[in-house]
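First chain written, first letter: the chains are A, B, C and D, and each begins at residue 1.
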Amino acid sequence: MSSTSAAGSIGCGVIGTGYMGACHAQALIGVGHAFEPALRPRLEMVADVSPAGAEAARARFGFARATTDWRDLVADPEVELVSITTPNILHKEMALAALAAGKHVWCEKPLALTAADAAELMVAAEAAGTTTLVGYNYLRSPAVAFAKKLVAEGELGAVTQFRAIFDEDFMGPAAFPFSWRCEVDKAGTGALGDMGSHLVNLAHYLVGPIAEVSAGLATAIPEREDALGQLRRVENDDVSEVLVRFANGALGHLGCSRIAWGRKNGLDFELYGRNGGLRFTQERFNEIQLFKPSTRTDDNGFRTILTGPPHPPFGRFTPGWGHGLGFNDLKVVEAAHLLESIASNQPAWPDFAEGQRVEAVCEAIALSAESRRWERVSS
Amino acid sequence: MSSTSAAGSIGCGVIGTGYMGACHAQALIGVGHAFEPALRPRLEMVADVSPAGAEAARARFGFARATTDWRDLVADPEVELVSITTPNILHKEMALAALAAGKHVWCEKPLALTAADAAELMVAAEAAGTTTLVGYNYLRSPAVAFAKKLVAEGELGAVTQFRAIFDEDFMGPAAFPFSWRCEVDKAGTGALGDMGSHLVNLAHYLVGPIAEVSAGLATAIPEREDALGQLRRVENDDVSEVLVRFANGALGHLGCSRIAWGRKNGLDFELYGRNGGLRFTQERFNEIQLFKPSTRTDDNGFRTILTGPPHPPFGRFTPGWGHGLGFNDLKVVEAAHLLESIASNQPAWPDFAEGQRVEAVCEAIALSAESRRWERVSS
Amino acid sequence: MSSTSAAGSIGCGVIGTGYMGACHAQALIGVGHAFEPALRPRLEMVADVSPAGAEAARARFGFARATTDWRDLVADPEVELVSITTPNILHKEMALAALAAGKHVWCEKPLALTAADAAELMVAAEAAGTTTLVGYNYLRSPAVAFAKKLVAEGELGAVTQFRAIFDEDFMGPAAFPFSWRCEVDKAGTGALGDMGSHLVNLAHYLVGPIAEVSAGLATAIPEREDALGQLRRVENDDVSEVLVRFANGALGHLGCSRIAWGRKNGLDFELYGRNGGLRFTQERFNEIQLFKPSTRTDDNGFRTILTGPPHPPFGRFTPGWGHGLGFNDLKVVEAAHLLESIASNQPAWPDFAEGQRVEAVCEAIALSAESRRWERVSS
Amino acid sequence: MSSTSAAGSIGCGVIGTGYMGACHAQALIGVGHAFEPALRPRLEMVADVSPAGAEAARARFGFARATTDWRDLVADPEVELVSITTPNILHKEMALAALAAGKHVWCEKPLALTAADAAELMVAAEAAGTTTLVGYNYLRSPAVAFAKKLVAEGELGAVTQFRAIFDEDFMGPAAFPFSWRCEVDKAGTGALGDMGSHLVNLAHYLVGPIAEVSAGLATAIPEREDALGQLRRVENDDVSEVLVRFANGALGHLGCSRIAWGRKNGLDFELYGRNGGLRFTQERFNEIQLFKPSTRTDDNGFRTILTGPPHPPFGRFTPGWGHGLGFNDLKVVEAAHLLESIASNQPAWPDFAEGQRVEAVCEAIALSAESRRWERVSS
């Protein structure tokens, strides 16, 4: 159990100072202003392998201390919550150390490169008894929270169908270089692990557990030049297409691509229930389309609902209906949920157990692509 | 071989006087005005089991003769082209008779209820040597023709991904009654046969042959009341989700639903190639979204292209860019293609051979849903 | 009074064989199939100054006779309804002759080049006692008819605001040549007369009489080369912006442009009442956006209503919700309204009296642009 | 002249602790992280009439000191930059005092209730020689900045047309109570002053000075109940419609409404030049529509450009193209511009001189609504 947090504050340490490191730091600062949480973050320490990088981040965000050794940070008695924002391959070791030290852990996705590693982390988290959170950062927008609420309230009836895609085009150009992203031992799967895992988590959130999957993967651009001009074979998927059947019987499709020209943050979903439907795209995440049959026959249509104060936690950011949240605000919402979970000693979500379930589904997907048949998700 | 069509006209007979019968009749009249084809249709005969229905259709559209026996129509020496717009279960017998009589045949989809029946029709069509066309009516809009042109020209590069859905909600209401649509021996599959077959044909058109499939089907509303108030078990799929791998290596997804609340004509597709992408929905079929990378980094985006005279055959209907075609106009385009094929003695498309290939894919899909594994499409 | 139309049919003559001539001919044919009107059109005669043009149109559409002298057509005893689709400058003389001969008249817009000429026509129409219709062809789409119905039913409350634009870009290119469109004595005003008149008519239809106007006009491209390469001064407006106050107190804006890059059929409107609002664009005229406040606070939004059978006369064309009408279908609806008005001896709308009111508003607009102040519309 | 700001920081004081007060405080904190400006804000003091409110804001945002007397704040030697976020009626007195004390001033819009007051402030700002900024907060989004860049680069050619509306519906409900917003002496004009002033500023930004205006105003809901249940006469405009002619000859329309059902942040504009066009809505402010004629005729269309790192200052917030900024981020951008202007001793924009020009245009609009004629903007 954690020794958390007398007196309304919590000491925070952030490992990593790249984009996600900055995002965590800003979220930990911003959550204090927007949510006024019971536990207010104190920025105790930041870690980066580069001394200059660590010091720059310290100065920029106002951390009390900087270090080049993340183990110092994990061991620091003032640090109660550890943010892990380093390359994926490092998540496991750092999270295990933080849990062993009795810290709360906020780890960027994916939790680990394999379901087995994720399971090890889940077990360690249970043993530590601290609060964990995996950074699936699209879940907590006002629009997606509203979708969840409608489903939970039964407004749409039992869910019958769910389709979601996550398309981007950053690897569309043939000239995009070969990198660690293209290597199985460094990245695991390609589009599936990077973007598909968001879809699995979202499907869990809105519909429930996935029972079985059938998949096809494709490496559409089989070779790319590396930084030295060498043509290298791409080892993982550019495109993944997956059928899913949920435990509650709903049927679905998840698709993702890193070469879908023109899509920049193309996480779109559509969900249908016995009594209505929803359509959404992350590229316009401040709105959502809702269909409910009307009482007259001539005025039925999908409503474009602009989010506003009636869609929590929108009002934490602005009272201005339709004024819009930004991506960084979603990370603030994530931080608020984490701090509230710690303060109330309730599990956060998606916690390490959910992180493990996501990896288990991804593993079943990869297996299905090999076996060429439906595969059950191990539980 | 047909004795077709001296002197610039062609005698036409239409079997069936429901919506599609009226649609064929109007298309055969309208094509004369819009396209001024080498072979101009003469409306010779209409057939309907009801004497009143047959006579009403004759008077409404100006057919020369009416009959209650479709065999009279097939046998009529003035009738050179036979339109078949009757219930699906009757297509096979009528088409075989028309082909045996040496007629050209324009048959509504699906060509037949099974792939074996479709194959029989394909063989009969080859033997007859006449021109055949299956009424997959979304293919020939200016926007879809433009998509086809871009792909064929290589503007988008080799196709890597194709996703298409066809969603409607007419069976969304639980109160929608049990009917022949819900019975396997009368309708075959449900959403798959009714709507999915359009997707297969469209996929063939834009991408090429489908080599293998993996599928899941679901009957989301398992029971419905029939007209007598009896609760009956629904025998076929409300929702179908299918993965496809094309012969050229592209990976894809096809999904369809007859219970997707809010969708009315929800045939949407997205197609990505090595150099660009397309997005389209039939609900706004007078426009299409095209993405091609730009020369500067800041002005990239999907273009919403409104169809107009540069998108044949738009200009046959109006010179007014953006003025829009209607669904019935698409049937006129179909008729124009058929007449031109007959006149030039070239195969039309989708002909009976393509109708058979569509059914073969649908059969592989149904098989995969049973076998729970990827299945190759037989050729 | 007209001697109209024993025995369920009406003899029709069409003057002009350009796009609008073909459009009238096809509408007169198509209305018989789609609406089965009490009076079914007989295509008696077509007139064109060119003998070849007249004969070609006769053969294409099946008129009984062709002529090169429109006076023959007007005088023909079998012709009961005269369509006028010639250049604007000829409308007046032809319409007066047709009315004098006791014919019904379907005249393309604008009714005349000046309000005084339009008034003369209105008076002549009253004297003739026949049915007249001016071809403002966007009014009768299912979506706009639905808008009208909602307003008339009071669903939106008293109208408070109305804004409409009609933008196209056909004269956007500087290379677009100088033509009669640029000359006051041949075209009258520019964008105002060509496109703005549609907006005035639409405003009358949806909101009611316009009491006063304030306007600004601009010739943004002051000179263009004519066909001989001579640089000529453009005499009329590329862009018109108009404020309107309706008799019922609603405030509005009408704007139009023939140089608005990217717009092809950009007739957009928004209408707000005390209880709701509507948004529409002709570029997607098979749908309309409706907002009515909901009973819960979180599910409010504009509904994108796809038109279908509940939106008359959609069902006359197809039972398929969301399948869409085309521009030519709107002309069929117009013909149906005209024939029904003739058969029931009720005024059609927009008749010549409305055509005159539109020109009176346009004249007030042009006057305001000169006087630089609000001007009342003369009645 | 200001004694600003040795050593890379600047002392800030914020008057007002409502939504805009919080917004300024958060922007002053956030700008440090996102922009790492040469002058980094120190939060020195916050002022609120309520002691509890002042202290709460101090604690929430980490100001060094709190006061209930704004004059203390203005006089405080550590405060170099004064933010004014109080009710509009107080702006003038506070800004004059701050300028007199040699401070930089960031004042929420409107600068003052009359053009004369705004002129007084402009003169005082010139005399003080400090940097001023008025909080027109929609200007600096990446999309609008991109529009500005395209216009400035000449990519669209000379501007010919500009239309903008700003519609909201917060006063749509008849039950919305009578308040200070409805009284001329407390609010000045209604929709015009509140929302129209944004449009004027935006028009200045994108097109240039407005030379003359013609306007109509309407109070569509003439009476409302106040908090005591008394029916009171609404004194100012619910709806304003304005024609504008720019000094460069472009013609335009500005419209605004506080009763436009369904619109929440409906600041939409369209701008056309000789070579292209733009369309935008603040409700989707992370994207913009651009039309430029293409080299082929069939692939023209408005491009939906999702903003990303190529659209500064997007990249200051996230490297993730399409990830989106929020409304509060726009205030951070505003703060960054102000700090950079102070550091480089260049005028900020919109400064008090621009604030005065906006009020001068609004005054001409109100005058035109009275005089019922075009009025020149005084300069």
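Just so we're on the same page, contacts are C-beta pairs under 8 Å (C-beta built on N, C-alpha and C of every residue); 3 or more make two chains touch, one makes a residue touch a chain.
Values in this document were obtained by computation on a predicted structure and should not be read as measured data.
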Next item on the list: Note the rotational component of the Cα superposition from chain B to chain D, reported as an angle of 0 to 180 degrees in steps of 5.
Entry: 180
Item checked: Chain whose average C-alpha position is farthest from chain A's own -> C
Next item on the list: Could you give the separation in Å between the centres of chain A and chain C, each centre being the mean of its C-alpha atoms?
Entry: 54
Checklist line | Separation of mean Cα positions, chain B and chain A [Å, integer] | finding: 42
Margin query: Measuring centre to centre with CA averages, how many angstrom lie between chain B and chain C?
Written below: 35
Note to self: Among all residues of chain B, which ones touch two or more of the remaining chains?
What the structure shows: 263, 287, 292, 300-302, 306
Item checked: chain C contact footprint on chain D (complex, rising order) -> 160-161, 163, 165, 172-174, 214-218, 220-221, 238-239, 241-243, 245, 249-253, 255, 257, 259-263, 270, 272-277, 279, 291-293, 300-302, 372-374
Note to self: Looking at the complex, which residues from chain A come into contact with chain C?
What the structure shows: 146, 287, 289-290, 292, 297-306, 310-311
Item checked: Of chain B, residues touching chain C in the complex -> 19, 22-23, 25-26, 29-30, 32-34, 36, 60-61, 170, 263-266, 282-287, 306, 308, 317-329
